[in-house]
Amino acid sequence: MSERTALTLACTDDVHLAEVLDRAQLVDGSRVRDVRSSSPLAPSLAERVPTRIPRVPIFAILGGGLGGLAADLIASLTAQADPMITGHMPIVAAPPVGIITYEGIALGAVLATTLGVLIECRLPSSRRNSEVASRVARGELVVTLDVPANAADELSRLAEPITR
Amino acid sequence: MTNDLQERENRLVGRLSLDRFRPGLVVGAGLTGLVALVFFYAWGIQLRDGIGVAGINRPVFWGVYITTFVFWIGISHAGTLISAILRVTGAEWRRPVTRCAEAITLFALSVGGLFPILHMGRAWKVYFMLPIPNSRGLWPNFRSPLMWDAAAITAYIVGSFLYLSLPLIPDMAILRDRSKGWRRRVFGLFALGWQGSAQQWRSLESGIKVMAVVIIPLAVSVHTIVSWDFAMTQVPMWTSTIFGPYFVVGAIYSGIAMLMIAMALLRWGMDLGDYLSDKVFNNLGLLFCAMTLAWGYFTFAEHLTVWYANEVAEARVLWSRFTGKWAGPFWTMVIVNFVIPICVLPFRWGRKPLPTALVSLGVLVGMWLERFLIIVPSLELPRLAYTLGDYTPSSIELMVLIGSVGLFAFFYFAFTMNVPIISVWEVREGWEHENSHSGAAAAAAAPQTDARTPEPAGGGS
Amino acid sequence: MKRRTFLKTSALAAGASLLQSCAEDEQYLVQPLERQPGRPGVSRWLNSVCGQCQAGCGTRIRIVDGDARKIEGQPDHPINHGGLCALGQAGLQDHYNPDRVRTPLTRSGSRGSAGPLEELAWHDGLAQAARAIAAASPESLYVVSGGRSAYVDALLARLTQALGAAPPAIGQVPGAETERAALARILGPGRALPAYDIAAADYVLSIGPAFLDRGHQPVQGTWAMAQVRSATAGRRGKLVQAEARMSQTAAFADEWLPIRPGTEGVLARAIAGALAEGGLLREGSQAALYSQLFPAAAPSIEEAAATCDVPAPTIARLAAELGRADRPLVLAGGSAALTRNGEFSTLAALAINLLLAGFDREGGVSVSEPAAGYDFRDLGEIEAGARSGGTYVVVEADPVHTRPEGRGWREALSAAESVIVLGSFIDETALYADVLLPLHSDIERFGAVEASGIARPTVSLARSAVAPLYDTRHPGEIVLALGAALDQRDALPWDSFDAAAQAAFDARYDDGTGGAWSQALDGGAFQAERAEAVLPEKLAAFDGPEPPASTADGELTLVLFESAKYGDGRGANKPWLQELPDTMTTFMWSSWAEISVADSQTQGIRTGDLVEIRSAQGKITVPAAVRPGARPGTVAVPLGGGYTDYGRYAAERGENPLALVGAETVAGTTAAALVGTGVSLRRVGPGDPAIYGRGLRDAEQIPTGWASMAKGGDH
Amino acid sequence: MTRWGMVVDTDRCTGCEACVVACAEENNVQTVGEEEAKKGRAMHWLRIERAVEGTFPEVSVKFRPVMCQQCGEAPCEPVCPVYATYHTDEGLNAMVYSRCVGTRFCANNCPYTVRTFNWFDPEFPEPLDRQLNPDVSVRVDGVMEKCTFCVQRIKEGQRTAKGEDRDVEDGDIQPACASACAAQVFTFGDLEDPESKAAKLSKSPRARHLLADLGTLPGVIYLEDQEWNPGTDVS
């Protein structure tokens, strides 16, 4: 294993970024760590950046299940805690419990989805790099590459490197 | 090309101009804030003197308050539901619409959510309806449709807030990075440290998609449950199986109307014509037109079945609307909710900003009347027709109604002043999509495109 | 344990303080033990006598912590059998009325206005009243009583007799004077009232009296009709009501004959004729007496039908039904006695009972003798006489409000030497008082009422149920005190009202043992055997006038009536009664004018509109109640509205229809003719009366189909 | 089990409204005054309905006292979010004032419109307050109320019977309206007890429920020859 270095380059636009990525691909052992942008990457570019499949849907399903269960229990157990007859209905009436459960599922799901997004995005976060941020704000695409140290100089010529 | 995009983004952010003092918005917020004070003044009088200051009586126990509650909950279907449907179906023209629509939802819900509390005889006992352990050893009755309401509206208001907030994070980051001083710190706080990494984008988009899928059935359930406040009873012309979809359609209908008005005002007031373009109005107008037809269909079906069946108690209510004391409001509703829209919206000229905004104003009035006409005539004519009712809204009720409009508008002005009312990153993403879709062709025809596009060429570095 | 001790202690303390406050009044010192304050929070029921009208219903009062909480009828009381009417139920709002007069008052301003009034000590008040009476010449001393208790009136009669003045004038149920006069034409001179054994009848034809609305015995009448309808005789009895106005009685009746007002006598004569001609006379029929009374031939059914506006077949059928019934009964008087020819109408109706063998039998007519021992006169006799100056003593009566404007009470009292009023409220008569002596409420006072209009003489008795709230006195005690102050100890030798009442009671009913009084006092009532109505051998022909009751062309006939909730107006100061929807019109907090559908259409009047009613005497403006049951050509207005003063709940509500009535009397008597005044009607504009279920003003307001489209949107 | 019920014989009702006053007196029902009454806010727990049929001179009138029907399957109960109204095991449709938050949903869903609402605090000018029945709470503004079958009298009767070590006998308990009525229109009793007068009367061929089609199973049974609804048969 040779020495490796993290290289952060600012690309002006999609074409530029594609160029950088193409070149980096030719370098043996190089890896794209991340690309930062002020709007989502075009799909063709995004697939070249290694990312995990977000587990947000799993959060949503679990949250929905938990929320539904909680609502179901609240609706049915509280009714039995002090059983009071109202109208023609049984103490625990299926349709109302179902409706409350449904809303519980929805509430649980939206809360869990949000939680999932925050966890997957590692937010809130206090890590800041103002140089990167201002570049991204200017619309540039900041790519971080994990390359062997000897290839760093060559790649640096393709785009303006950002010092850390 | 990025430079071109960046230029366009700069222009959009400039139009949204969150860092400048904008007299229009400030005056608007100030005036509507004053109107909003009327709401709290009237409510204060009511809390001091008793609910009797409202015009409701026996047997018309519900009146303007519940009407307005249903009205605002209906309006709230503008945003979240429409934006979710458009997101799920991948309609590209949605991009400039979603934020201002979702804001309508949140504020309409906030205002509407006050009404169930406001209409209570003892509003200070509202906590009796919360499922919290208490010394009374008593829990709320989940068999009551009002508790379904409470559950649904709680879920919806939380969902809408989160659905509005998630896509706001990258925009907050954009604003953070573009501003200085205290603004930077404030925006930074709301940006939560967003960095725009590929993983974050992917997770966020996944979250938004999931949220959109969850929120559609939630929104449908909310207005269905609101309709069930009525449909669960034995009151003539309330107990109807089509009330769920009827109310949902009505809600979307009034929601689009409110959205149309908001969009028109934003377009004119903030010079956002490039984004809230004629195309957006046209597409939304088509949806609006479809909802007109759907609403007309449901209204017809609702009245036809009652007329044909001719059950005594229901027929009384029906004729009270058709020819009786409520004929004026009823036919006004038919005209502004159906006749006028159907004469305007099917035509391309009718789906321009001004015509749609005018039609929308009528629809808002008409939809308020629709709820009023569902509630009041039925209560005035109970089944055992001895204690017949006679309802005239009191000045307090009208003050609350007008004040609630002010409150909603105040929220909206304040939001527009402080938050990008158009989602910057989503619009930018849209531009990128356009570019990549027409990538090759555009490259080949570059000179022509340039010639035809009056936009200044990218500054580029 | 400690809590219990505490409760005991506080009970004792409360008891002690109450005893102390009663100490001045020896009446309370001799109370039996059970009447002393009960344990805190524990309720007791004590008997009392209702004084809201003259009927004398026995009541029982629920008392918790020294305060009266509820009035109910005494179960098994011979008059009301456990029931009580709305007015009686509201008696507690008489007792606890915030506008009650709490101390004696004297006037320092001019008469006829509310102020200024000054508080007075009882000693001074009684002295001032006694001085005024002493200063009056006997011929110009006018004593007026509301007739709530015969035993108080008897003391008044003794006082006037001793002073050499005319007997007290007693206010009575409208029509009573005429009913007495009519009965006297059959039974010979006397002051008895006809009394009816309704409960045992199986067929009741009521020509005039709205005996369930008010009248002599509304609660007993209601109880009796329940008996008639519960088929004691094996089948459900029938009630037919012949009355110009659709009263609650008419509404309750199985059949209502909306007769032209003033023609009741013609109907009665025609029915009598049909009975005789149809061979429907039964064993015991006094056909001979009848024909002596009315020697002329009875009008034919067809003639009567034309006069009375009742279909001829109906008249024939009524006669047949009366003839065939086991125990038929014809009631007379009421509204029929209030027209100009009221005596004829009442007599003609009463006399049908001769043909039905209805006198002195079960389910028939008997007599109700006035309480023995005192003489009295009708209020009309004072009004008919020439009055100038004079000293007035008014006891529980409000002639200024309850007598027609044309009877001149305002002028008379303004010009009086002196006016002494014994009452509980500043009503319209009290506005003229020089001295106002406040009275105990019904439940505070020793109750002794001799019922009138009931077949068996009945006396309701009860001790006071609660301690007085204010510095008030029993009217009987005041009369006794005035007697003492006027040196009339010989005529009024008693120390207390109950002693005086017992003396009067024993004189009439005691069998020598003295037990009847105390038994009645404990049990709530005493009932004697039925007084026999002995028919004479021969009757003099009726020579009274029979003027047809006609009004000028284009004029409507005014019908005044006592409503179930206001009575003669006494109920108007009770919020429960003001807010009680009148059953027939559902009006609240107001008086109203009942107008027929036909008359409303010619004038474009809708229920709730204000209408002006104008007569030769005056005019009033009241909201209209358009009623399908109102007779075209009549306007009916309830009494009891339009008080200028009678406390916060009564003042300035509705209008007093007596302002429309002049000095007309029932021919041959001094009684006021409250039915038959000619009036004109004019719509003034929309009004806003309180109407219960207010959407239900007119039935046609409920749209029911395309037809309503033609009529246009109705609001 | 007990099921309190009342049989109302409309044939005997003269419309005198003594029951209405008795009810207000027993249950501390406030009077609202003329202005509020105009708005349709009178609070009577019991009303006399009258229907006028026909046109002059063939006019006939019917009376009917209508109070809370104490439904066996009451539409008002399930809609209350806070259990302020619920069904007791004695068949009463109970109303708990302290729990009521004033949504008025129950009143809307009552097909008989017998529920009344306190729009303002009651006023009892001194000394009218001394009349108030200490066994019945005075309701504040914002609270729903209705006929309770004089539940305080039921409880009192049960306490008395228990104190005397016996069962409650038929006729022991009389609501205020029943004890006020001179015409004995009301018969109160246990419908589950086949020997009670009310139960026997309820088997009459004249027995009807108001709006029986709705299936609310009222505990108030009317004895009347035909069903009528003032809104349908007024000419």
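The letters A, B, C and D name the chains in turn, as written, and every chain counts its residues from 1.
The definition used in the following text is that a contact is a pair of C-beta atoms (placed from the backbone, for glycine too) under 8 Å apart; a residue touches a chain by one contact, two chains touch by 3 or more.
Keep in mind it's a predicted model, so treat the numbers as computed, not measured.
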The larger set of C-beta contacts, choosing between B-C and C-D, lies at C-D
Min distance from chain CA centroid to global CA centroid: chain D
For the pair chain C and chain D, the C-alpha centroid-to-centroid distance in angstrom is 30
Rounded to the nearest Å, the gap separating the Cα centres of chain A and chain C is 90
Chain B to chain C, mean C-alpha position gap in Å, rounds to 66
Chain A to chain B, mean C-alpha position gap in Å, rounds to 29
Contacts with two or more other chains occur in chain B at residues 138, 140-141, 143, 147, 316, 381, 385-390
Expected list for chain D, residues touching two or more other chains, is 40, 42, 47, 75, 78, 80, 83, 230-231
Listed in rising order, chain A residues that touch 2 or more other chains are 82, 84, 86-87, 89
Listing every touching pair of chains gives A-B, A-D, B-C, B-D, C-D
In the complex, the residues of chain D that touch chain C are 11-18, 20-22, 24-26, 31-34, 37-38, 40, 42, 44, 47-48, 50, 52, 54-57, 59-61, 63, 125-128, 130-135, 176, 179-185, 230-231, 234-235
Counting only contacts in the complex, chain B reaches chain A at residues 1-3, 5-6, 9, 131, 137-143, 147-148, 151-152, 154-156, 158-159, 162-163, 165-166, 169-170, 173-174, 176-178, 192-207, 210-211, 214-215, 217-218, 221, 225, 425-426, 428-429, 432-433, 436, 460-461
Chain C partner, complex, touching residues on chain B are 315-316, 319-320, 322-325, 327-328, 380-381, 385-390
Contacts from chain B onto chain D in the complex sit at residues 49-52, 55-62, 116, 119-123, 125-126, 128-129, 136, 138, 140-141, 143-147, 150, 229, 232-235, 312-313, 316, 379, 381-390
Within the complex, chain B is touched by chain D residues 36, 39-42, 47, 49, 66, 75, 78-83, 99-105, 107-109, 111-113, 115-121, 140-144, 210-211, 214, 229-232
